[in-house]
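Before any comments, here is the structure.
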Amino acid sequence: MYPMISFMKMAMNANFEARCCSSGWFEGTCHVFPVRVYYEDTDAAGIVYYANYLKLAERARTEMMRCLGTEHQSLIGEAGIAFVVRSCNAEYLQPARLDEELLVRTQIRELRGASMRMSQNVVRQEMDGAETKLVDLAIRLACMNGDLKPARLPGSVRKLLGGLAEER
Amino acid sequence: MYPMISFMKMAMNANFEARCCSSGWFEGTCHVFPVRVYYEDTDAAGIVYYANYLKLAERARTEMMRCLGTEHQSLIGEAGIAFVVRSCNAEYLQPARLDEELLVRTQIRELRGASMRMSQNVVRQEMDGAETKLVDLAIRLACMNGDLKPARLPGSVRKLLGGLAEER
Amino acid sequence: MYPMISFMKMAMNANFEARCCSSGWFEGTCHVFPVRVYYEDTDAAGIVYYANYLKLAERARTEMMRCLGTEHQSLIGEAGIAFVVRSCNAEYLQPARLDEELLVRTQIRELRGASMRMSQNVVRQEMDGAETKLVDLAIRLACMNGDLKPARLPGSVRKLLGGLAEER
Amino acid sequence: MYPMISFMKMAMNANFEARCCSSGWFEGTCHVFPVRVYYEDTDAAGIVYYANYLKLAERARTEMMRCLGTEHQSLIGEAGIAFVVRSCNAEYLQPARLDEELLVRTQIRELRGASMRMSQNVVRQEMDGAETKLVDLAIRLACMNGDLKPARLPGSVRKLLGGLAEER
């Protein structure tokens, strides 16, 4: 009976998930977040506007945190901190186009006292299952308090992120 | 055994869905699309910027079409047409904030030879299950050919949308 | 000699203006604000994305206030109020394209205790001097306090805007 | 009489400029472009959203080209080419806020056969005349033909940009 019940639960949970916004999933320590290209993302050249990949990347970072159980509003409200982008290096390899479904892969590279480094890739899954890398991002985030002064990463956040940063 | 198998299928499908971008679902003739509020959507007043609801609404219209089996690119490529917004009336009732999950409800109101009218609501589901209506949109879309001249709705699109427009 | 000096002043002022962001100018009670179409404003259909006209309109409303001597930050800081869009009705008549220079014309239609109505047009000046109307906007703005509750228009703002609302 | 006439012309030209969108100006080989921060540029943290500086930078690059006498549409129409961002490295030093007037400084660093490198700074002029550097951008642009394949910089564009790249 047990497997049946767990299947029912899985089905219900999965179904519930499909009726919410996806927060993505983890493959090992890498968070994966699906995003769709809409008209708003494109420009008159027919491709995704270069600044808009940074929006997709920020959605993915937010959802990685949500997968781990925390949100911007609770970070601000409970810990009094927020993350601010300090630097962002973007390599644009291939363009994305209207209607395409992309994946944003996010990996924590280094966790420091008051900052962290992530690498993020925006990829497109091709019909044959292969992946084409479109944009390569290296992001440095600083932890700030309410006055936009540097602040130490709270222990709770460090614990959440620690496991992801250790490997590789 | 049969229910078990169907549950497994359901679980697998639902799971598959959760690993893609959600295209939303139908409740009767009303399409429902979940959207999350990210930093990019908000402004210095701490609420979603008024123009950005129009982006959310356009995502929802696109996903309604995708649920029905068609996409912008195939409409352009196969039927040589695209939809252009002719008018948009927005009533802003309550503000949305960072991290909130919203629903966009889309209902086709009228289907004409070369245009259609939709009503769209952006709502927030409260903890108690009640819904708060945030924005009320009335949209008129015109069907255009590649030269941005009015064009008749292709029969295939009319068939897809016809069932949704009849009721109510 | 006097005209010469006033010309010099005019030249210097005008020159100074050209080295700042333009806040536009008044033609009678109508505020006129020039805006340029950049890649960020367009979409894959090769035209300005429908939501982005609302951004241009908001820039124009902000610059009308600045022309009158007030700014968002000082309204918030000194009067404790901000304007929030309550409704926005947009008619899209003709598309704008990359590189075009547009004008946003803003006219106050009605000034009430805690709200006001404006009409705004986005137009393109053609080579022959004629104007093509692209988008027609009717906007209702509510005055809100820091808690996003309705608030009366401060006397100082009412005085600034009063002259413009007096029909013509 | 001559200086008087030239002053009148200056006044009229400057005045004309103030009634158009500013395309900025050159200080030596550095192009300077003023931009204003509007609600659309900010986010719920009360500061300019990190992706939006890339929009400001692109406006500045476009206006530098316009100052030199060329536009996107004519590059596409006459030379069959467009510039695409290949990489963008952004260092975020200080935040910008609502209502602030910023300057984007653009300098061509290297002109190659089918690409160029620019550095761009977003700065704020303080009351005392000093400048605070907010964002530091290093941009690599590739010249592409209509099929998004690499193309050589047309001779006309090379001539326009050559003088700016040589110095320093």
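So that you can tell them apart, the chains are marked A, B, C and D in the order they are listed, and the count of residues begins at 1 in each.
Everything that follows uses one rule, which is that a contact is a pair of C-beta atoms (placed from the backbone, for glycine too) under 8 Å apart; a residue touches a chain by one contact, two chains touch by 3 or more.
Keep in mind the model is a prediction, meaning the values are calculated, not measured.
A.B. asks: If you take the mean of the Cα atoms for each chain, which one ends up farthest from subunit D?
C.D. replies: In terms of C-alpha centroids, the chain at the greatest distance from subunit D is B.
A.B. asks: Please tell me whether A-C or A-B has the greater number of C-beta pairs in contact.
C.D. replies: Counting C-beta pairs in contact for A-C and A-B gives the edge to A-B.
A.B. asks: How big is the gap, in whole Å, between where the Cα atoms of subunit A centre and where those of subunit C centre?
C.D. replies: 37
A.B. asks: How big is the gap, in whole Å, between where the Cα atoms of subunit A centre and where those of subunit D centre?
C.D. replies: Distance between chain centres, rounded to whole Å: 31 Å.
A.B. asks: In whole angstrom, what separates the CA-based centres of subunit A and subunit B?
C.D. replies: 24
A.B. asks: Mind pulling the subunit A residues that touch 2 or more other chains?
C.D. replies: In subunit A, 39-40, 45, 47, 51, 55, 58, 97-98 touch at least two other chains.
A.B. asks: Mind pulling up the subunit D residues that touch subunit B in the complex?
C.D. replies: It is residues 39-40, 42-47, 49, 51, 97-98 of subunit D that touch subunit B.
A.B. asks: Provide the residue numbers of subunit D that touch subunit A in the complex, in ascending order.
C.D. replies: So the residues of subunit D touching subunit A come out as 45, 47, 50-52, 54-55, 58, 82, 84-92, 95, 148.
A.B. asks: Tell me, which parts of subunit B touch subunit A in their complex?
C.D. replies: By the definition above, subunit B touches subunit A via 4, 7-8, 10-11, 14-15, 17-22, 25, 34-36, 38-40, 55, 58-59, 62-63, 71-73, 97-99, 101.
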